[in-house]
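The first chain written gets the first letter, and so on, giving A, B, C, D and E; residue counts start at 1 in each chain.
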């Protein structure tokens, strides 16, 4: 189905609307702060609307994953084509966008989080123009990764996020912002290089025959890379279960594991989270981490099914370690943001465990957990942000008795916390349930150990609640103001989603069910 | 009707919760009438449902199901199941809840978060009703956790007190430990049978399917799910949260102990009873017995009125679990119902006393005296007659004195254990059963006597005490009435002939024959044969317990202190609750603290350290020599890339600035390269 | 004979225009006194005219001056790059405070500049060892003087002296190598040498020796490890415009020469295949040699750059590292590799000149060359700051900038040729390079400008020049098809 | 002696000239590397260039290269002259700045 | 024994001998004169190789031009008279090691190479042929070298003359 506005596909719109906003902002004078904010809000708001349209128009039955025919809202234009010369075939890079059940939920998530991020950025006063310019660029990068089906395009969007993030953390962040920013940059850059090299190796190993001319064309098309028939003889990554394929899988995996972040590639996250300004923490935890697991599912799994199966235990084990390790580390923190950062590691471990199950429940659970965790951590970071705005403090010991002082805030924040704790009736539970269900089918003991993570999680979340919200209100906190309408506005959509998806997750699961089932079949079937 | 009515029953408390949360503060009287009113409607509807169900459709199990989600090709449904068990339980829950609502209107008057309190009560009731009504173990788990969270909210209602929030945390986390097992059990069931509904699971097992093809896993699944009950019903070894939960308002304790939270565990075991293997049941029975004994021994020495009641609850729950374990299904469940009434009554009575004590102490401006310590009471009988008399009835009931409901159910349980031991041995179970019966009678009368009889410890306090308002005493009277035998069976000495026994029958086991416990017929035969023995024994033992208590505390014939001294370490252990909290603290709390600190250290030092290379070393060096720029990114450049940087430093040393040295290098490398390519 | 000469002249117009420009500048310098920057404008005009003639040669493939030089798409490609660079450098020079002091001698500056342009353009087309050496010397001698142009500065003088000593020795060694090569093959034309070698010369020892000696000379020109030592000192000493010229144009020309020399002379004509992979003549390991040097250059260049504080010096080391990346494309011995070298150079031109230009702008306004002195510049001058960031990001190789495409192609070619270890080194060193590039960015943005620091503003011309560099850098990151096609078509002369 | 001299091995052939050039080259290298005075270094460079020229001219005498070798030699001499001129000019300038032309004393630029 | 053989050894030893003196002499003026003899020896060797025109050029350009330039350089850059004529060596050990290695390497390479010799006839007059080549095959280098000289002259002038604003230093 084609959805077009002014002859341009809806996916292009949703990706590049922020760029339009960015250019508009660049043209405005610095002083016009409110106009800048409003433009950012409008740009991301339009994205939310477009995401809504996509949600409504999305065909839930189509499979996607490796089948170009069943991708939706596809846009494919030749971007760079260099005709063949005697020594090498045609070079082809396409502007190739499309979504399937795997990506649609991520698009919705990205648009929502981006929009909320803008609202929560409202009180940023330092270099407003620069801030929103970078912010919108970042949003385009994120959105682009989720819709790109050409590896080259995917990579460009992937790396486009780096620099804005570096500045957003480095310029608007906390006291150790520089350290955090460079650490983030370095880690992801290393991953990016690994991905670049793998991408090139894939490019040269994959060639499809152009039906029109009969030429053999090297391509960055991700879908072509999934077809074993397209691998040229003697290519570096041709064949099945070769060492180079394992190496390539590993390289990609490390790249994505850094983003996820999976133990032991996680140490950038606590620093980045702690130092980043609230909206950026929200984006970081809400969307950026999901890029890692999304990448695994979009690239590692279908392109290297053999290697995926080979490494799957390893992956599941890392997932388990992340769950337990993240949870314990979270418990040991006395910085509110750091605690949430480590809880993210733990929760993303559940995603990894779920998708490593290689069955539909696990996969659905994992992807749903990506979405849910995005929403939940967004709430948590917004909660910290609210307190930080008022007190300039983040230490757990700095608070207490907030519940008396800010009842509305406490209510909303506690829902987020309970969702993080996996309380049934809230969305976190559903995805954790399915992840564990799937994982348990595949790995009994790993799962059992992982499930102990939820006990630890309960521990640190309740402990945090007790520290921050309960108890007597100390003297210094007695004049805190409860949430402003703007702040409520940024919480409410997320809270509504938390509850809705907790009670009735079907709308979300329906979107991805068929795609993910197909992905599971595809991978376990060795890519056939 | 069997779909709409339960749904309304289920959702009314939720509606009350939502309304109270959003509008409670704005309503007149902070909306207590709204919450109570809605709960009363729920109660009435439940009674209607019970009568209809038991009266007209007694043998049917009514279920309805709808698809919740479809994952892959498996669809997961949610639904409602009404059988007699559920119908009876509905009434118990709604009844206790309604009375607690009513009582709270008096007890909680003037509380800072009055409307919030009622909202949470609604949520609590909703969650419990969900457990009761569901046909599905997953949905049960969902409500299970909701019960956990609402109890968390209620126990921590006075969260300004650190002890209250600690208790709330403890309750939730300890429960989580149990739920962990339950969760794994659920996973096993779903993986094996692709369904969450009890019906489908039982059918699959009945058809000979076993989890992972092994009988051991079936037993394991049963025990794992029972773990959930261990947590919620405060069974050994997870019973530690319950006494602490007394930090919540007393009506909440009544609700938790009587009808909602702790009952859920027993209800769960009853629900999954058909799939439990004989081995699993034996484990359950022993867990119950141990719990009953431990709690009873602790209760003897406690002085906090609510603590005594708390331990008695644990003990009674152990009874119920033990009953289910030995196969005395109906008796166990019946004890749940009868216990609900008298235990709710006991707590509300205690609440009434505490309320009065508080009022009196408040008048005296005495804030140091503990209003809940029975050593500060005594002689309240005259001041609070209604409370006293109802309390007496409850005490008689819990002690298993004939003509009370407690006698009926406890007698059947003891008969059941006795029968079980005649069939399989395991004499320990009936032995514990009888010992606990005696202990129960003893400590309950001790409580009664110390609180209401004798001379007041302090005249001043006693003078200030007065009977509680009607809104509090009426629930007590209703519950007292319900603690009498005729509600359950018209034969005061045999429950088996009552409507209850016909309504609630032990379901058929679905597990493979070799793993099954004794069939119902066989078991029932055994029970009949030992019934009179059990009855006589239980009456005697209860009487002995009562007599002992009266002798020690009323007549002071025997000195309590002497007894304590003579018991020695037993007394000490009992007073200190057998050191469970201390041991857990050391093993789990400190243990996990150690682990988490270690991991944090590991994370910040090793993992990050590897990344930062010799960053730490460099930093230490920097602070010593003080010449390295303390600037952070420089630190990073000097750190993360310290090796790189050092190499860079070396390389820039080569860059001496002397052109001849450069040329030397050039020619040298020329020679080296030449040697290399040869 | 005369016809041949006349025909050749018609195809050598771009170079001749430059020579004429040189003469006109001399005359103008003597006669015209009133007009400021007259030499610059003449130079600019000359470059444009020359560029025009270069464009006319597109598609021509011919050998001129008795096989001394070739006019082919390959040469045209490099001449285009050289003239582009030349134009930018003239523009840079017109407003450079460093050169203002020497305004009375500015004529000489452009004369030497013209000489250097001539030498470089000859390098791009030379097919005869003599002409190659001669062109190299014309370039070198001009650049020695240019490096010392700001002669009042001690550092400039020192740089020039080091440069000429180092250069003279290197070219001496190279000449010796050339003499050996000529001796073994008894010819001076590279195609003839290739034929002679293919005919079966067994003298691998002496050939390897001569290859190595020639590499010493060419390695000096492209500043690749271990022949790079002069570069940082000279870049730091030179006027910044000349540093830019050396880092870009001189390198481009040397690469043109290097590529033509090696990939014509030492190629096994039997080893050529349609798939565009070749092999070197048996026994002569110039590819391995250059591969090792490329790896060394990437490692040493990037590591040493970490420690630099002078922006020119940092860029010098960075250009050493980039020489390593570029060299990768040659050593993998595929046509794809050469194409990627050309793409790389094309993009390198814009991004490196861009970085230099911002440095020039900052130096003009504040006089600082120190990276530590860049603190707060991003806030004081948003445009230049952003531009610098983009150039540096491009040099790092991050999308969506040209630098990414450049690296992509080089890495891709190397991977497809199976040189994984070299690519691995390139990857690791790219990460290292992030540090020193981002450090500049950090200094520009992560510090607040001081109270007394005013905003730095630029005139329109500077902005236009900046955009002229910025837009290609960005555009090439997302749409590089024309460059790719240009490079590819320019490769056709090799006939693969 | 006469017999010795008439032995073919001593009749000056290509190799003899090449050996002379090799020795001259290494002497040039020695000068370049070891003499502090920059003018000495320059002289060393001249030696290197001369040695290369000997090669070229020897090849033109003994191989098919013929006059091409001499031609290149001619150009090299001219280039050497130009280079020397420029080099000396630069050295003079350096002398004006540093008051020394000892190479090891001129190292402001380093690192 | 032929005359050429004797002459070769004579000139070769003159060349190398004076080159050695040049390299190792402590006095830079001595070195310069030794260089003159070296260059003359090389010129003589050219004659032996039938390159008479080149020999003449060598004498003219090198001895007459470059050497004079160098001597000027020596004079202009020495402060006292005899003192600074002494030049000291640096890196003596590595330098000599490398030089010896280079010499050994080159000689080994030359001797182990099987050169394809094709003896040309003795030429009476190379000037005409060279002239023809210059105007023919080598026209481009011929012109280019002209530009080179032009550039070199400009450069040399630029470098060695005083700036109008410059007050310090001598030229």
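The working rule: a contact is a pair of C-beta atoms (placed from the backbone, for glycine too) under 8 Å apart; a residue touches a chain by one contact, two chains touch by 3 or more.
From a predicted model like this one, the values you see are computed outputs, not experimental measurements.
> What is the minimum number of touch steps required to go from chain B to chain D?
The fewest touching-chain steps linking chain B to chain D number 1.
> Could you tell me the least number of steps, going only between chains that touch, from chain B to chain E?
1
> Where the contacts of chain A and chain E overlap, which chains show up?
B, C
> Counting C-beta pairs in contact, which chain pair ranks first?
Per-pair contact counts point to D-E as the maximum.
> Quick check for the class: compute each chain's Cα centroid; which one is farthest from the centroid of chain B?
Farthest chain from chain B, going by C-alpha centroids: E.
> So, what's the distance in Å between the C-alpha centres of chain C and chain A?
The mean C-alpha positions of chain A and chain C differ by 42 Å.
> Could you work out how far the Cα centre of chain A sits from that of chain B, in whole Å?
Their C-alpha centroids are separated by 38 Å.
> Would you mind pulling out the distance in Å between where the CA atoms of chain A average out and where those of chain D do?
From the centre of chain A to the centre of chain D is 66 Å.
> Between chain C and chain D, what's the gap in Å when you average each chain's C-alpha atoms?
28
> In chain D, what residues contact two or more other chains?
Correct list: 25, 28-29, 32-34, 36, 41-42, 44, 53, 58, 63-64, 68, 71, 75, 79, 82-83, 86, 89-91, 93, 96-97, 103-104, 107-111.
> Pull out every residue in chain A that's touching 2 or more other chains.
178, 182, 186
> Of all residues in chain B, which are in touch with two or more distinct other chains?
Touching at least two other chains: 633, 652, 655, 657-660, 663-664, 667, 674.
> Give every touching pair of chains, nothing left out.
Touching chain pairs, listed by label, are A-B, A-C, B-C, B-D, B-E, C-D, C-E, D-E.
> Touching residues of chain B toward chain E in the complex: what are they?
658, 660-661, 664, 667-668, 671, 674
> Would you mind writing out the residues of chain E in touch with chain D in their complex?
1-2, 4-6, 8-9, 12, 15-16, 19-20, 22-23, 28, 31-32, 35, 38-39, 42, 45-46, 48-51, 53-54, 57-58, 61-62, 65-66, 69-70, 72-74, 76-77, 79, 87-92, 94-96, 98-100, 102-103, 106-107, 110-111, 115-120, 126, 129-130, 133-134, 138, 141, 145, 148-149, 151-153, 155-160, 168-171
> Along chain D, where are the residues that touch chain B in the complex?
29, 32-34, 36, 41, 103-104, 107-111
> Spell out the residues on chain E that touch chain B in their complex, using ranges where they run on.
Residues in contact with chain B: 90-91, 94-95, 98, 101-102, 105.
> Mind pulling up the chain E residues that touch chain C in the complex?
Going through chain E, the ones touching chain C are 105-106, 109-110, 112-116, 136-141, 144-145, 147-148, 150-152, 154-155, 157-159, 163-166.
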